[in-house]
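Read from first to last, the chains carry the letters A, B and C; within each, the first residue is number 1.
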Amino acid sequence: MSDTEDPVERSLFEAPPMAEQERMIEAILFASAEPVTLAELASRLPHGCDPAEALLHLRKRYEGRGVNLVRVGDAHAFRTAPDLGHLMRKETVETRKLSRAAIETLAIVAYHQPVTRAEIEEIRGVAVSRGTIDQLLEMEWIRLGRRRMTPGRPVTFVVTEQFLDHFGLESARDLPGLKELRAAGLLDNRPLPGSLQKTDDEEETVTGQSELFED
Amino acid sequence: MSDTEDPVERSLFEAPPMAEQERMIEAILFASAEPVTLAELASRLPHGCDPAEALLHLRKRYEGRGVNLVRVGDAHAFRTAPDLGHLMRKETVETRKLSRAAIETLAIVAYHQPVTRAEIEEIRGVAVSRGTIDQLLEMEWIRLGRRRMTPGRPVTFVVTEQFLDHFGLESARDLPGLKELRAAGLLDNRPLPGSLQKTDDEEETVTGQSELFED
Amino acid sequence: MSDDDWTGEERLSPAERVTAEALIVDVDGFEGPLDLLLMLSRTQKVDLRRISILQLADQYLGFVEKARALRLELAADYLVMAAWLAFLKSRLLLPPDPTDDGPSAEELAAHLAFQLERLQAMREAAARLMARDQLGRDFFARGLPEDVTRHRKVTYSATLIDLMRAYARIRTKDEFRPFVMDRDHVFTMEQALERMRDLIGFAGDWSELTSFLPDGWDSNPMRRRSSTAAHFAAVLEMAKRGQVELRQGETFAPIQLRRKS
């Protein structure tokens, strides 16, 4: 690598001025794919250079800059200043509305957990697509619970801590029942007076699920 | 491009001081091997920053250093000083050797852009092989430009930002000898007298090379 | 290649000999007739703008002759150029024909000179371009780029209210289902699906949907309707899954199905 091994050449060529040595090291460290050791620097610089001293100057020059000269083991490299690390992350935030299928599925899991896919479909009265379940799993709002001890041992779904966090709930049991939903005016389709009894029954079913909650 | 359009927002968030903006840009450009556009910089800096001005300061700061701030089209990048290339033998990447046909085709695209294949062939007096164009496209030194609004709507070729980056050009206007060639009429598309393609070509002569440069 | 072909060589200048050899040794090395013309034009040792097209035409035709004598195969475009140059040469030598309204011989010659000059200019531009400092050879990009990590954060706008509304919607829908209280006379699609799943294994041939209805569900009209509807929905679902094939001769004709092989 070095072309100045020869003692005759050594005396013939004087080492470049320190400012120039600094420039050279700056370029080498910049272009190198790995941190560069002092020995490697010495071998790549013209004969008579003092890379250790040039490094000191260079380090000082980059103090407080957007990039710093850092030591990595016994090698040297440029690195982004630690306080600017956030600039290296590009965050794009997208807000999407959860689809109706997803929110309904999520609601059923929350109120009926642990619940199987077949049960979700029965309650919704429509098939639940794999994609909907996957989306909720990926968002970490639902997760797999214990397998149901029935033939076929179907998997069950339960809501997660993240779900509770997101919706500001202590536990899924805190979800209001139907009666409360109605009292809060969340049920626009008020049932006929005659069927009120029925509603309570259903609510029973809901609260009845609570024994099955996994906590 | 700028995110400081809104006077209300401008007053709400104060931009970091210029020295800090400079540091941030320094960090972003150092971290990237590819040139970063002004728009990209603006989107990554805090609200209210003026990357164009910060770049001016930064460019000055790196003048004469081992690493320089260079402009490539709309983008900016740090590159090692050309006079220090000999120190970087280790980093040198062997580029595929281009054929004479490829080099000439590249030059014709650069100086005559946007240029159709037929025009390249007319200038070289020989058919351009598919492979030559493909090779240049693959290297991302040329790309497709707008279709020419002449019968058949032929595709045109223009050089890319990678081309400018590779040859250290700020823009296609900085191609060596461009002005002289234009003054000498050597970039004109002069048709063979009495030839049938006269009308199309005349139209091209009118629009001319310089106006069609895409920048 | 006989020795005779080389005897004339003594009369050529060194430059001409070089081009002659270039032609003879490597006629394929020329990138077309224009390239050959450019090469030949250099032997005139004048600025391309003052080149004698007449002389150039002679040189070109001479070379084509020579190539023929050497039985070198020249591509068609070289011969087309030769023919065109022969035509141009005759036009340049003859007095202009006043009845000809096409371009003059001088215009054609000037155009050829322009083409040569332009090609030459592009060659020089290409050489200057390649002589520039190049990225990765003379100057370098950051060797250790720190990749920007891209986080795409997707937030969903679902609120607790949305969740509760959704649940309420589902539950109240149940409340209004007229058959809920009358399960005795309702055959559900799930039940039908389960039955069909077992039965379809035997239905290799087309058979009518009604033949699959369960015993005891055909007397009461309500039960018949319910089981028919449930089974119809079930086979539609199975057809969707690709388990059965359905057909119907015409509107209101019996629906037939068979297992899909």
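Keep this in mind: a contact is a pair of C-beta atoms (placed from the backbone, for glycine too) under 8 Å apart; a residue touches a chain by one contact, two chains touch by 3 or more.
Note that the coordinates shown come from a computational prediction; the quantities given were computed from them, not determined experimentally.
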item	value
For chain C, the least number of touch steps when starting out from chain B	1
Furthest chain, CA centroid comparison against chain C	A
Mean-CA-position distance for chain C and chain B (Å)	25
Intercentroid distance (Cα basis), chain B paired with chain A, Å	36
Touching two or more other chains - residue numbers and ranges from chain C	140-143, 146-148
Of all residues in chain B, the ones touching two or more other chains	30-31, 78, 80-81, 88, 91
Parts of chain A lying in touch with chain C, wherever the complex brings them together	27, 30-35, 77-80, 88-98, 100, 103-104, 106-108, 110-111, 122-125, 139, 167-169, 175-176, 178, 181-182, 186-187, 189, 191, 195, 198-199, 202
Residues on chain C engaged by chain B in the complex (per definition of touch)	31-35, 37, 77, 102-104, 107-108, 111, 114-115, 117-119, 121-126, 128-130, 132-143, 145-148
List of chain C residues in touch with chain A within their complex	140-144, 146-176, 181, 190
Sites on chain B touched by chain A in the complex	22-28, 30-31, 44-45, 64-67, 78, 80-81, 84, 87-91
